[in-house]
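Next up: the structures, one after another.
Presented sequentially are two complexes of chain A, the first with chain B as partner and the second with chain C.
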Partner chain A sequence: MQDFLVSDLIDNPTPRVAVCLCLDISPSMSGRPEWGADPNIKGVPIEELNRGVQLFYRILKEDDVARYSAEVAIVAFSGKAWKVRDFETVVDANPPILQLDDQVGGTSLGAGVALALDMLEQRKELYKRHGVDYYQPWLVVMTDGRPTDYSHVEVGKRVTDLVMSKKLVVFPIGIGGLADLSALKVFSPKRDPAQLAGLKFQEFFEWLGKSVGRVSNSRVGDETVTLPPPNNWMVL
Partner chain B sequence: MPAPAPLPLEQTKVFIDTCSLMHEDARTVLTGELADRLARANAKLYVLTHVVAELKKHAEDQSPGAEERRAAARRGLTVLHELAQRKLVALLSGGENDPFTDQLFQTVFTYHMTRYPLTLITQDVSLQEDILRLAERKSVHRIKPIAAWEIRRGRLEPVTLEEAERRLRRRTQQQQGSRAEAAQAAAASWPRPRVRYQLTRQLVPLDNTRRAVSVQPLAPGAVLFTEEQRPVTLTRQLGEGGEGEVYETDNPGRVAKLYFPNQLTPFRYEKLKLMVSKGLDWSHPDAAGITWPRHLLFDQTGQFRGYLMDRARGKTLNAILIKQELDRNFPTWNRLHLVQLCCAILRKLRFLHESNILMGDINPRNFLIVDERTVSLVDCDSYQVEGFPCPVGDVQFTPPELQGQPFSQVLRTPDQEYFAMASLLFMILHIGKPPYAQVGGGSPQENIRTMNFPYAVGERRGRNVPPGPYADIFSNLPRKVKDAFLETFDREHRGKPRKNAAEWLELMESYEYAVKQGWVTADLIPKGRKQLTKADYDRLGIPARAFICEKCGQDFAVPEKALQKRAAEGKPLPTWCDACRREYRRAAQPVRAPSGGPGTLHPAPGQTWRPPVGQRQAPVGQRQATARPGQATSGPRQMTAGPQQTTSGPRQATAGRRQLTAGPRQPAPGSPSAPSSTPGVPRPNPGTARRSPAPPPAQPQRQEEGIGSLLTNLLKQLFGI
Partner chain C sequence: MNTSWKIAAASVTGRSHRSAAIPCQDASAFRTRGPAIAAVVTDGAGSARLSHLGAPAVAGAVADWLVDNASALLAGRAGAAEIIAAARAAIERQVAEHGGEPRDYACTLVGLLLKGEQGAAVHLGDGAIAAVRGGEPRLVSGPDNGEFANETVFVTSSRAQASLRVTRFHMDPGVTSFALMTDGAQASLLDRRTGRVSRVVEQVAAWLDTGSEEAVSANLARNIETYLVPRTTDDCTLLVLRRAQQSAWPPARPACARCGSDQFRRGRGGKTRFTICCARCGTVHVRSRSRGRAYPPAARQWAAHLRSQGLTCSQVHRLTGLPRRTLRRWAREADDKA
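What follows is the complex of A and B.
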């Protein structure tokens, strides 16, 4: 069935970094307290999120190597999970503008992450089949509330296995003061989930873009290369 | 076993080749001895019209330098004329569809050899060997004697198979020998750099403890001073990297690299002091384009800030390491340019290594190219000199024995550098593909550590060869280059000293020569595996037989060993060349353009995405769960089945199996046996094709129409036809 060959994976031999953005689009991302958002945060999270994602792609495109190396996929979830974009190399990619879900409701962290993991796995198989080198893939999970089901517990085990066997790098990020960091913790055996300071999506995605760029450029020993420190977007 | 004494010429059907007709003794020998013998036996000399056409072509060639050949050809035509007047010539139609005379003889002889004893008079050693080999064919019974004769020392002399083989081998060795000699002479005459750094194993530790905390800010217009107190004014910022900024200066040929404060360490200062004071052999021709630190730069407070270097221009090597980029930046390039670029880079590396300098961080970003001959080396401050290590590296170019080690604590060896160098050469030649990238591979580090080199070399089969043009590119490299890559990269050769820059340069210069001679393809993307012609096999001393592809008309050769194997397996002779066969098979495999694979929801660029409207469930505002636990996969995505997909290996990587696509050539029916008629050349009979997808036999129309009319004129002229 999967007998086709993907021309991009043949003609572009750059070792790949697959990055899956797993993003919460449940109603609370509207910023409205009556829909569950943190009243202390001023602004519309989903709008800032979109701006951040645009910036992320832009930063990657500006790098000679990263533009051919980074492959970004987007999963959106509320009570269900949706594949918004499958992996594509950023050079020709245009990020979508996400709108939040106002039909389904709920927040199934597990559904989102499970879908992301499946996509990452398939992509890895494609890399292997095409003889394309790949670095450890990245999973970025962002949510602003509490999960409304327990699916993340099971999925968390899957993630932990991958992280501990160095097959995955995970960044679980809580948005706003109502984010359930302990739920996010199941995805992060090695470090505590980070909390986004306010709505500093742009700072976060700039940092993320530059970090992915570093991997793409396969530099080693460059400890002195200056990156914005993560604490400009993170609550310490 | 010793060959039996050849039959007297006149008792066989005698054919003659163009080169013998053009021999300086042709007249004496052919109109004398040969003519007498033929006349006495009432026999004729068989001349293919193609030979006549060739003679005519040479006889009319007015281009400069062709005078001798013109005269010889005219002589040949006169000889033929004379013989024809004595009614000693039988003209045979030479088959307009067969482009090369030596192919021609082979085919004609193959056709006739079970009927008559045959002789070919030719000076061409490889043709002699070819013709004599026909008699060795075991699959055909009752071959009549086949002989080869040549004009030697004013007489006609027979040639044995052993003699022909011996001469061929000697010729090959001589050719190789003289080129090897030339290469050695060139190497010996290369001037060694007059500035050489000391070799030491004593590492200078990094000592990043004392960094500058804050320094005077710099901006355009600021004045700095060299170690000789000369002022340098910064004009315009050119760029910024991880370590600092680069500025233009009031000296148009020089730019300044100014470090960020936290990069101003004692280590850097000491290293740059050494590099500036000792310098390079600037007079050396290969030193051009190396942006070595020329002067140190200090600000007005006396604080060390950076260094002055030559300005370099060009694009980094990344501009050619993806097909898309290569097409965009250098659209006119073909393989020759890539090889020449490798040579240019190697000359610089040889110079550095002979100066006892190692680049250390060999990677595409550190090379700027303007064209295939103009290369600059940048970021020279990171090079390894004396005890100062190169503290940075690139994972893709780090040899297995260095993977995972902290670069700042290691003095690299030349051998380790050669690995990085070979990796870079490989990637340039394969348009960015890393040498270890393979089906089932992992990260660059893992692949390098495993040291499984996937490509086939000679008898060694490929394993997990990545799909795409890469196998074809590799296959079309000269054998020596392939061997060199194999020895550098494969675990079986682990521990062997790696080839140095001078050795690689020699290989690449030979490669350049081979491309210019047409021995190997100049295509960026070759159309198939390397196809050796008969001449190639001759040069290599491997017995092989020549064929013409029925699809594309190219001549190709197959080693005798392979043919014997085919015969033993009951397979008929090949009729399609390798490239056509592969293209035919490749066309059967679908390739998809978008990288999303199946089931991608792909909104138009930049468009808004909203969750698909499906179930109307809980009203907006309630965050009560409507999702049931574990229900993770409903929704509009089309997810293909789980990860355990195909276990069959890559489709393209089947090494070397030659598949049949059409039946063997069959002679045209009803050929008469009388020698004076014109049996001509057998044509392939499409009706005998066994497989249904057999291609329509393409009549290779290689020979220009012009010959046809030349022929007519010639025939009229010579033979009154």
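What follows is the complex of A and C.
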């Protein structure tokens, strides 16, 4: 008896999990109390954030499945929002180095999340057009301050609808003691926003990378994917 | 072994399970009872702790149910509710024996029932059922995912009964094979965008024309290991059914399988769609189709059989509806050969 005729096998694209990181680069991320940073935190948050993002890419690249499956985009915001990196698979992507915004100032949480949602929508449309299967997209929001406008209230309704209909997974993370967790709560109807312990960005992104890996290997019926337990990055 | 269909099946543990030392969570089962034959493949949920026990239990129980209730299912008197009940009863028995909760045994369900020229596909969750007709595989029942790739439905899901798809069909005699597969095999055998099924399923089915069921199953397992497992992380199961090649009709001692009568008459259908049915109960025994414009071989063999029993050309003509001129030519050609 013979072997399968290999040319008759079918190649399906790897199902994708889109992850959008929506990151605060407002002046307070410099760690300087006079620019609004939490004086109790030692270190430069933006540098720790950059190290965390590097680690995140590295962990995804190490995962056999996630490296082809995970597509990461990065939005940075202060008083306005910028698309730093559009979605791309991590397999041959290099993480960007985020620069502190010292021009615009402010913290428009709503503008950042709105841009991230639009990018996620566009990505889903692209997947549908090309017949690529995809998992629920992920949105990670990290901020260290209090929003300087009310745009997040409106955007929060959009996010809540998506989360409640299981079309989006959101991780809102507050950095330091001055982060406004009640503002982040508008994005997270199901669980409370988490507060990062000190500047444990590395631990957080390591956990996030492993969680993405678990999703890209998952199959669920009624319930949702169980994520690995947080490894010491969270303040209870 | 069923007299009309041959079966081969193999399940191979996927890469992600191997590295985590998780047992294979795919299973398959087949049963025959009288003219009914049932084949089932199941794919245990990776998130369910005991799905390596749930998947074989559900496969066996549903295959049993299908052959026991073949007529009711094909006539539409039973369906999704009873099938899900049978699957859940099997899981309850596992819970009683091994503990845990029903959802710890969650699995998908891909099943096929064949009886004569009728059949039904029963399908819950991902995986696929394909039929091959005239050498071309086509999808009978495709994977049911929600919007998202990792969302599927298991027999333990709250919406299992509403989501179970029962597709009843009449089989064209040109259908030579069926294939049932789980998600892992489907990754290389089904084009998710177009619904095209790989010809590989027909290649495997064709091995059954010459090979034994055991030998083909073993070769199938080796091929899945070599070609399908590297292309996915999931367990892979493929089950194929092949119509046993029909021997020349009539057999040595022709008798109707249903009523035992040895009298046959010409059924409906023209020259190229020739049918022979039981003269007493009307069961169709031969439905052959010739290519081109000639009578199919079965017509000629039937005429030869009747003549060998001492019937004259005119008597054969009245029974078979074959033209006297054709019958005389066949008789002449047979004499020449002798």
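As a convention for this text, the second predicted complex is superposed on the first by the 213 of 236 C-alpha atoms of A that agree within 3 Å, B and C clash if a C-alpha of one lies under 4 Å from a C-alpha of the other, contacts with A are read in each partner's own complex, and residues count from 1 in each chain.
Here is the rule we use: a contact is a pair of C-beta atoms (placed from the backbone, for glycine too) under 8 Å apart; a residue touches a chain by one contact, two chains touch by 3 or more.
Everything numeric here is computed off the predicted structure, so don't read it as measured data.
K.L.:
In this superposed model, does chain C or chain B come into contact with more residues of chain A?
P.N.:
B
K.L.:
Please indicate which partner A:Asn232 is in contact with in the superposed arrangement: first for chain B, second for chain C, both, or neither.
P.N.:
A:Asn232 contacts neither chain B nor chain C.
K.L.:
Report for A:Pro15: first if it touches chain B alone, second if chain C alone, otherwise both or neither.
P.N.:
Both partners.
K.L.:
Taking the superposition as given, does A:Asp133 touch the first partner, chain B, the second, chain C, both, or neither?
P.N.:
It touches chain B and chain C both.
K.L.:
Thinking of the overlay built on chain A, is A:Ser182 touched by chain B (first), by chain C (second), by both, or by neither?
P.N.:
A:Ser182 contacts neither chain B nor chain C.
K.L.:
Considering only touches as defined above, state whether A:Asn40 meets chain B (first), chain C (second), both or neither.
P.N.:
It touches nothing on chain B or chain C.
K.L.:
I'd like to check the shared interface: which positions of chain A are touched by both chain B and chain C across the two complexes?
P.N.:
Shared contact residues on chain A: 1-6, 8-12, 15, 64-65, 130-131, 133-136, 217-222, 225-226.
K.L.:
If we count contacts the way the header does, which residues on chain B are in touch with chain A in the complex?
P.N.:
Contact set of chain B toward chain A: 208, 242-243, 260, 262-263, 316, 318, 321-324, 363, 365, 391-396, 398, 406-408, 430-434, 436-444, 447, 454, 464-470, 589-603, 605-618, 620-637, 639-643, 645-646, 650-651.
K.L.:
Once bound in the complex, which stretches of chain A touch chain C?
P.N.:
Interface residues on the chain A side: 1-6, 8-12, 15-16, 64-65, 130-131, 133-136, 167, 215, 217-223, 225-226.
K.L.:
Help me check something: in the complex, which residues belonging to chain A touch chain B?
P.N.:
Per the stated touch rule, the residues are 1-15, 25-28, 34-36, 64-65, 68, 71, 76, 78-89, 94-99, 101-108, 110-111, 114-115, 118, 121-122, 125-126, 128-136, 145, 148-151, 154-155, 217-222, 224-226.
K.L.:
Going by the contact rule at the top, pick out the chain C residues touching chain A in the complex.
P.N.:
That would be residues 15-16, 45-47, 103, 106, 125-126, 145, 147-154, 156-159, 183, 187-194, 196, 198-200, 203-204, 207, 211, 215-216, 219, 223, 226-228, 231, 233 of chain C.
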